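Should a chain be cited, it is by its letter among A, B, C, D and E, assigned in written order, with residues numbered from 1 in that chain.
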Amino acid sequence: MSLLELDGVTLKFGGVTAVNNLSMSVNEGEVFALVGPNGAGKSTVFNMISRFYRPVRGSIRFDGEDLLNHRAHEIANLGIARTFQNIELFERATVLQNLLVGRHRHRRSTLPEQLFFAGRIRAEEREHRHAVEEVIDFLDLQVYRDKMIAGLPYGVRKVVELARALATKPRLLLLDEPASGLSVEETQDMRWWIDDIRRQMGITVLMVEHDMGLVSKVCDRVLALADGAKLAEGTPAEVQSHPAVIEAYLGTSAVSKTANAQGERV
Amino acid sequence: MSALLEVKNLETFYGPIMAIRGVSLEVQKGQVVTVLGANGAGKTTLLKTISGIMDPEKGQILFEGDPIQGREPHQVVRRGIVQVPEGREVFPLLTVEENLSLGAYTRSDRAEIARDRDMVFSYFPILAERREQEAGTLSGGQQQMLAIGRGLMLRPKIMLLDEPSLGLSPLLTQEIFDILRRLNKDEGVTMMLVEQNAAVALDLADQGYVMELGRIVMADSAAKLAASEDIQSFYLGHANEGARGERRWKKRKTWR
Amino acid sequence: QTRGVTDSEILIGGAHDLSGVFAAVSTPAVNGANLFFEQVNANGGVHGRQIRYITEDHGYQLPRATQAYNKLIERDGVFAMLLNLGTPHNLAHYPLMERRGVPNISPLTAARAILPEPPGMNFVAFSSYYDQVQAGIEYLNAETGATNVCSMYLPTDFGEEIALSSREAAERLGLNYVDETTHRPDEQDFVGAVSRLRDAGCQIITQALGVRAGITVVGTAKRLGWEDAMFLTTSAGFLEPVAMVPGGVTDGLYASSGWQDLYARANDEAPAAFIEAYQARYEQPASGFAMLGYTAAQNLVMALEEAGPDLTTENFVAAMESLDFDDALLGTHVSYGADHQGSNDIFISQVGDGAWHTIARIDGDTMETVDMTGE
Amino acid sequence: MDVLQLLLSGLANGCVYGLVALGFVLIYKATEAVNFAQGDFMMLGAFVMVGLVNPHFMGLNFWLAVPIALIIMGALGYLLDLTVLRFMFGQSQTAVVILTISLGFVIRFVAGVIWGHEPQNLHSPLALGDVRFGGVVLSLADIAVIVVTLLMTLALWQFFQRTKLGLAMQAASQNQMAAYYMGIPVKRVQGAVWALAGIVACVAGILYGSKGTLDISAGFIGIKAFAAAVIGGFGSLPGALMGGLIVGVIEPFAARYLPTGYSQIAPYAILIFVLVFRPHGLFAQVRVKKV
Amino acid sequence: MRFHFKTSYDQDIRLFPDWWNFSLYVALLLLMLVLPWLIDGFYLGEVTNVLIWAVAGLGLMLLTGQTGQVSLGHSAFMALGCYSCVNFMELGLPFLAAFLLAGIVTGIIGAIIAIPALKLHGVYLAIFTLALAILADDLIVILEPWTGGVNGYFAPVIEIFGIEINRWAAPETWYYLALGTSIFVALLYRNLLRSPLGRAFAAVRDSEISAQAMGVDVARTKTLAFGLSCAFAGLGGALMGLFAGAFNNETFNFLIAIQLLMMIIIGGLGFIHGAFLGAIVIAFLPQFLSILTDNLGSASIPGLETGVFGMILIAFILFEPMGLYGRWLKIRTWLELFPFARRDMFRRQKTYLKTERLR
């Protein structure tokens, strides 16, 4: 059953058509990857789902709901969480506080309750904390719990961003290049995490990733994008061997070499 | 042969946090040296300290025999050291073209600059197409290309590259490394390369260092490093060589 | 023991604007007062007591003024306040001064409300803005026959008082109050306002503006070719620099105020001596407000002398009330009496050749006018 | 006729706002700091000129004094950067705001000590003499203000648009670290722009002083100039001029035609109106971040 | 050297993390309670003034420190709080009711005003609010029936449960009123910080984009922040006006708003303690300077105190751009690490700014 459906989506920035009449659907429970050359429009697709951009044409449906009727901050409430390609964390807050913001959509207390710290708020705070601690345990972030984001290395931030997205308890998780900047070892961790996210937590994952090794290990289906339009779609193996994908994305001259080097990273 | 760049016993702090704990290394002229290391090992900090973006607490950095530690970064750049920073630090409100021309800020030979810009455009045709676009609206990978192109515009003696392949497509990663290889071989540009994609990095490099928690824990020729078991299992991820494979538990690194 | 008084010292306080928009008023006034106190102290003080004048800077802000009054009255425990600047700043602290029994002498504002009914322990030196405007309009109407009265003012208590007086003067004299404009202290350009008043047919325009703005308005009218407008300012705009603007920009401007210009009488003995002493002490020229500060200090000291060595607030107040003399420096008759207003005279002055010229004296009680152009 | 007079006077006045606004924008464009002391810089520039020209100070020839004043103010701007602002390098904008507000206190204090608190008039040849044409009167100073402001805006705009240093300044404001990586001496560049801002403030001060009386609180004009810069879209030089002109022209018309009690609020009402509809000014310099 | 061990989630949720911390604040509270017996009327008045500034400062701190929005117009909301309090009292409400209602009304009006300001950032918001502050001056004149116009109001008699709060007759009554209000406001502030809204504030401050992606309604959050901030400022304004004894359109001049901003930055942006420390600097330092210069004959250089005040503020900012509380945190860390702290531990590493023109 398809959870997320894009139909004929188009978006232009001035003269640049970033996404061109794209249709795709992500099924509940699968890990779906978007790949494609730089500037193909992958992040733009994410940004449209997050409703930072409004497509000029086409529709985006999530679980039967028309996302275009929603504003950006309502998307999380529908159960969609995301990470960002270039990391957008709350820099002047600790890891814990960042994750607790992820719990925002689960809050129930009213403003007076919060102001006077009365009523159910205390129990609710414990609950949020509990949920967040589970994510911290899952992603091995214990040592960083009370650290300010501003002082963390790139790779840890990537994980914190994933954690923050998980803290929202989403149904659909959008990951924009989760493994970029991670070492081989960390990429391996990422691979298992994504596996668990799908299997244990039952969260559907849509991700953008250039590391074809990771893609082929964790993804059920892959869609290759170029110049905003669909180039190929299928299993990782099918897409990787698609001539147009090799030509535009993986590289012809270096097919074997790159694919090897990349492939062997995981 | 005296080293072009020599780092001796460097220590750098972020306030109370000691990020570089006595690092020494050498980069010979014409060499490509790669620094490998896990997250937070201090690679970026090391490069920033060399460029003068951060001040070291102790130690020396010698470039062509002269100490340059603690200098203002622009003075370091003027000596011919350029850094391509991690995380595409472009000038977001300036156009692609303006970003590139800033790369040549220290130069004044107009004709040469124009030639180099055309060269960058030939490496990355998409940048030529988008020369009037504000850099902040480029895609992540396009910004990375711009950052690298801008570094090339400086005609450096030594390039410090911090994860140049970050966010680039496999095809482009390959191309970038081809370009770097050519620059090194044809123009003799020395390079210090920090890269998570260790396979490509070791392939290009002559010499390699491995950093952990602010220290250098291994140093050898790139070929020897590539052959070492630890490197293979942790940085190259050779599954069959047995470190982790399809298992989920991790083996401890021997140098810890 | 009387507050602020020891065997060797009398403490006097002053809350001033030494750094804000009215620094041009406060600064010379404080200097003038200090000049007099220094002379007195050098001659052995008052009944053997030295006078110490403590000034606080409130920058024309009320909360800072609160702190200043709090310090002067509660911490320093001054005997009296002298030359406090600003209408709201004074008024807000009347309850405090009253409760602590601190006489308020010659505040630097001529607002009507400064002298309450009954006056309590407040003494003012001059007629109010209200009276100044009344007298000024009556004079100009009598002299020129002009009937159309207008007003340009800052919407502050100071401005409102002058506008109100203009309105009521017009009514009292059977003239027309034609139009008015309000302004902000930071306003730069008055072409719009001036052309509006010209089109409305204004003849006498009272001004309650900042010093700079007042000058600009007169200049703008001239430039726009409106030569016969009669601008009337009050003691708040009665400053030497207004007259000294190069190019005769302010020529013809009228002022109605409680004292005569210092330099208009520079050849008389007392003003000449003062100008010289001030220049010698501060290395800058004296000004009207310096003179006010000096004479205010003088009145205070005269009352202290009068009150005798057993100084109490009561006998000081009585002594103030008994002062009655001709002040040669101000060129007025001073007598505080029961109404606590030192001088009832109002002087009409006009700018010409870069200086103020006194043209008439009006008795504030009888509105009797004495022409002074011939003097 | 009346309308034309109001318009032209408003333009001349607006140009003064524009000149001070240029100073704001210059510093913002090169450092992303807001110099709340820019109005006080202008006041200081005017008083430096008073000190050089007026008979009871040095009594120099006006035209001889102009370059001297410009040099003094330029040097002052640079020194200020060298001795104070440089230590704030890399610190948050708000901290710099507080710093410059405090600097304003100090400048007003120093000016009061040197030149006194009483209003002064700059002995300027531009202050005397009017130009009449078709029933409209402008003072020489008004005309000078308009001409100089247009030229300055054009020159500075070209400077940022065309020159390497101008581009480097913009780069330095957008990403200080990357600017350093390009070999741009960021701190020195910022010093240069403070010097430039000092010079622009001095020009504004001389013209302002030629238009009328001065006192040490003249710097409060900075608030309206700041409003003008924001209306134009903080960071845009032509925008600063445009904003200045809008505020300048609104004022006389409001004073002429709006009911008493309301006219003086017109510039601020316009500011609010503009910001409600164009949250980042007419020539917006703010972008939505691409993620 | 002190260690923080955490054994339960509640330690991060509770008002005070541990007993040591709790006893510190209890001791401070006790000291504050007996203060009228320790210092004279003048200093008590000054402390009261500092507390009043701190209340208003907490209001601006919530907006600027927590939500990252700079307002130069809070004097307008202080005025609103003050005038509405007095008007409610004239309607016959008892002081406490009028006071709290004034805060609420100011908050609601502030929130409404925030709506057009929602899209504004940085300098744009700063000048927008500055314009509000300047307009407030004229508005007070125009709204004469409620404000008394330029003549303003004399503060009415304040009574709480039959006790007259009189500044001159019984300065300690005013002191306790200001102390109570500041504790009340600080407590609300602290509660906000440990609840979802407080975290949403920080999220909006650091990255609007990812706050949205986490489901934070940026517009609503900013409106709430503005409203709460105005409510606190309104309470502060009501106290300030009543404490001054009389007020009119010039009382809540925009310079007050600028001083308020200086106060929270000098004190330490984002910290409750910062508002109090800043209030000491802004409200008490001038007084201190004038006491200091009394004997030097300050009148000989007019404006000297203000000039020196400006220089001291510059020194504060240069010395510690993170504010006094930031400095205190470093000292505390040093003490806690003692004797293991290095001397150069807190040397500032070079820092670099990036543009704030991207939102």
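Basically, a residue touches a chain if its C-beta (ideal position, glycine included) is under 8 Å from a C-beta of that chain, and two chains touch if they have at least 3 such contacts.
Chain-to-protein mapping (UniProt): A, B = ABC transporter ATP-binding protein; D, E = Branched-chain amino acid ABC transporter permease.
What you see is a predicted model; the values in this text were computed from it and never measured.
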Going chain by chain, each one touching the next, work out the least steps from chain A to chain C.
2
Chains in contact with chain A and also with chain D, listed by label, are B, E
How far is the middle of chain C from the middle of chain D, if each middle is the mean of its Cα atoms, in Å?
35
Taking the mean of the CA coordinates per chain, how far is chain B from chain E in Å?
47
From the C-alpha centre of chain B to that of chain C, how far is it in Å?
74
Multi-partner residues of chain D (each touching 2 or more other chains):
105, 108-109, 112, 117, 174-175, 177, 180, 223, 261, 264, 285, 287-289, 291
For chain B, what residues touch not just one other chain but two or more?
14, 53, 92-93, 136-138
Contacts with two or more other chains occur in chain E at residues 134, 138, 141, 209-210, 302-303, 306-307, 350, 352, 355, 357-358
According to the definition already given, which pairs of chains are in contact?
A-B, A-D, A-E, B-D, B-E, C-D, C-E, D-E
Complex contact set, residues of chain A against chain D:
43, 47, 52, 84-86, 88
Which residues, counting only chain C, touch chain E once they are in their complex?
18-19, 23, 26-27, 30-31, 34, 53-57, 59-68, 70-71, 74-76, 88, 91-93, 95-96, 99-100, 113, 155-157, 159-160, 184
Residues on chain E engaged by chain C in the complex (per definition of touch):
40-43, 45-46, 49, 134, 138, 141, 149-152, 154, 168-169, 240, 243-251, 253, 255-256, 283, 286-287, 290-291, 294, 298-300, 302-303, 305-307
Under the touch definition given earlier, write down the residues of chain B that touch chain A in their complex.
14, 17, 37-40, 44, 86-88, 126, 130, 133, 137-142, 144-145, 163, 166-175, 196-200, 203, 234-239, 244, 248, 250
Mind pulling up the chain C residues that touch chain D in the complex?
19-21, 23-24, 26-28, 155, 179-193, 195-196, 199, 211-212, 215-216, 219, 223-225, 239-242, 244-247, 284, 287
